[in-house]
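Structures incoming, each one as structure tokens.
In what comes next, chain A is part of two complexes: it sits with chain B in the first one and with chain C in the second one.
The block that comes next holds the complex of A and B.
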């Protein structure tokens, strides 16, 4: 599996979340992902990006186009150097929020994509990676 | 960098402030000759004199390398004001940076005159002055950029207000067609507009059409639910329509539910429902020819 295209984008404001979402969409449209797949990936991306801004105090996102062994995919890795998540199980639980959200972002994002990985270290930050295969 | 060298610069500036100012003004007038519409000569003279005086006194502090230090605070804030006013007046970033960069020529020729006999000293001071003026020039560009961003944000805010119109569809029925991304700034305006229109028109039903919204993530869903709850408190029923198939599928996976909110596929369906609610019937006229 190799990345044929990659781009890193800052994530510090609402505008940058919108920009990341739009870029994800245009990369997927170029690769002829269906509208449903595009919308699911954009929505999952939006959830992670917002978490990085709201809870992580801002961060960055890496967008990658993957190709290999006869399939292709798109990956978004959202990263922040914020407080991290002490109890990932709890954070992933539907309706759990430590803020004013719906508590469906992490669980929802996982259900919307094919691969979902989360790593977090309290005091260090959080990295979430999501991939959609075609 | 020794204190002695920096004092040479300050000393030359202090002794020749007036002729340097005049030469600098001439440079600027040539560089900005096409922009006389944007700034008068009198304003330019005032700005330049002010900055040169602050610049000279900052150099006298002995620090001519670190413009973030306290002794440069006044110069930088003065320069910041010049850049901001130029940004809002429509000067380009390079025209704005010209303010500082055009000081090089008169300043350098003065250094040459004064230190001509001391080649090493001249080279050192030229270098010091170049580095310093380059830093200040870049600073004006940074401030200019930030000021332009502010202008764009303001314009966006104005557009947002324009782009969230509430329309009256019928006596007692209003609609809010949402188009574009829903960031927090905009949703507040939308909510205010909607609630005010409910009051102003005495409407019982408000239709929120999200056909033009590309993503409904949990934040957007939460806004919509808040809007419905607020409308309800005002005594109006909110109907959400225009949930496209891909959005519906996404919402199911997200786990977001609109619960007891009435949702309809299209604006037409929502309007038909609203008519039924207020006891209106719409029928085709039967032709009797």
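The block that comes next holds the complex of A and C.
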């Protein structure tokens, strides 16, 4: 699997969340992902981006187009150097929030994509990677 | 500062969201709508989201808040025009938005608002109608 296109984007404001999700969508439209796939992926991206801004104190996102073994995909990796998540199981649980959210960001994002990986270390930060295959 | 316009159409307010809103813009729309509902004493609000290509949990929560807030101020709220791909996505995200009344398009939403407002008026004046 190789990345045929890649772009890193800052995530420090709510405007940048919109910019990231719109870029994700336009990359997918170019690759002729279906409208439903585009909508799911951009929504998952938006959730992770907001978490990085709100809980992680800002961070960045890497967008990649993947190609290999006869398939293609799009991956978004969102990372921050914030406080991290002590209990990932709890954070992934629907309706759990430590803030004012609906607690659906992480669990919902996982349902909306094909691959979902989360790594977090208290005091160091959080990295979440999501991939949608065509 | 950028703002989502809120139009007064007869006794209703019409909000047509034409841009992908960032979170601060969504919050200010919520505040503006509250102020406008109080100022105009509108009986209903129509929120057109047909241009929105995504509703995540933040925007979904805002739609729920706007509907609840309209209700608290004695108005009815209807969200119209949700794209099918958006509807599929919010269900999978885990948001049912069951507390938000919806209609297919602006025309159907207007008709629904009118019937909701008419119904609540006849309930308010129940005694008069009995005589």
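Here is the rule we go by: the second predicted complex is superposed on the first by the 134 of 134 C-alpha atoms of A that agree within 3 Å, B and C clash if a C-alpha of one lies under 4 Å from a C-alpha of the other, contacts with A are read in each partner's own complex, and residues count from 1 in each chain.
Rule of thumb we're sticking to: contacts are C-beta pairs under 8 Å (C-beta built on N, C-alpha and C of every residue); 3 or more make two chains touch, one makes a residue touch a chain.
What you see is a predicted model, and the numbers here were worked out from it, not measured in a lab.
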Touching partner for A:42 - first (chain B), second (chain C), both, neither: both
Touching partner for A:1 - first (chain B), second (chain C), both, neither: neither
First, second, both or neither for A:29, with chain B first and chain C second: neither
Touching partner for A:111 - first (chain B), second (chain C), both, neither: both
Chain B versus chain C as contact partner of A:86, first or second or both or neither: neither
Footprint overlap on chain A, comparing chain B with chain C: 14-15, 18, 21, 25, 35-36, 38-40, 42-43, 46-47, 50, 94, 101-102, 104-105, 107-108, 111-112
Chain A residues within the chain B interface of the complex: 14-15, 18, 21, 25, 35-36, 38-40, 42-43, 46-47, 50, 94, 101-102, 104-105, 107-108, 111-112
Touch list for chain C against partner chain A, complex: 20-24, 53-58, 60-61, 83, 85-86, 88-90, 92-95
List of chain A residues in touch with chain C within their complex: 13-15, 17-18, 21-22, 25, 35-36, 38-40, 42-43, 46-47, 50, 94, 101-102, 104-105, 107-108, 111-112
List of chain B residues in touch with chain A within their complex: 181, 183-185, 214-219, 221-222, 245-247, 249-250, 253-256
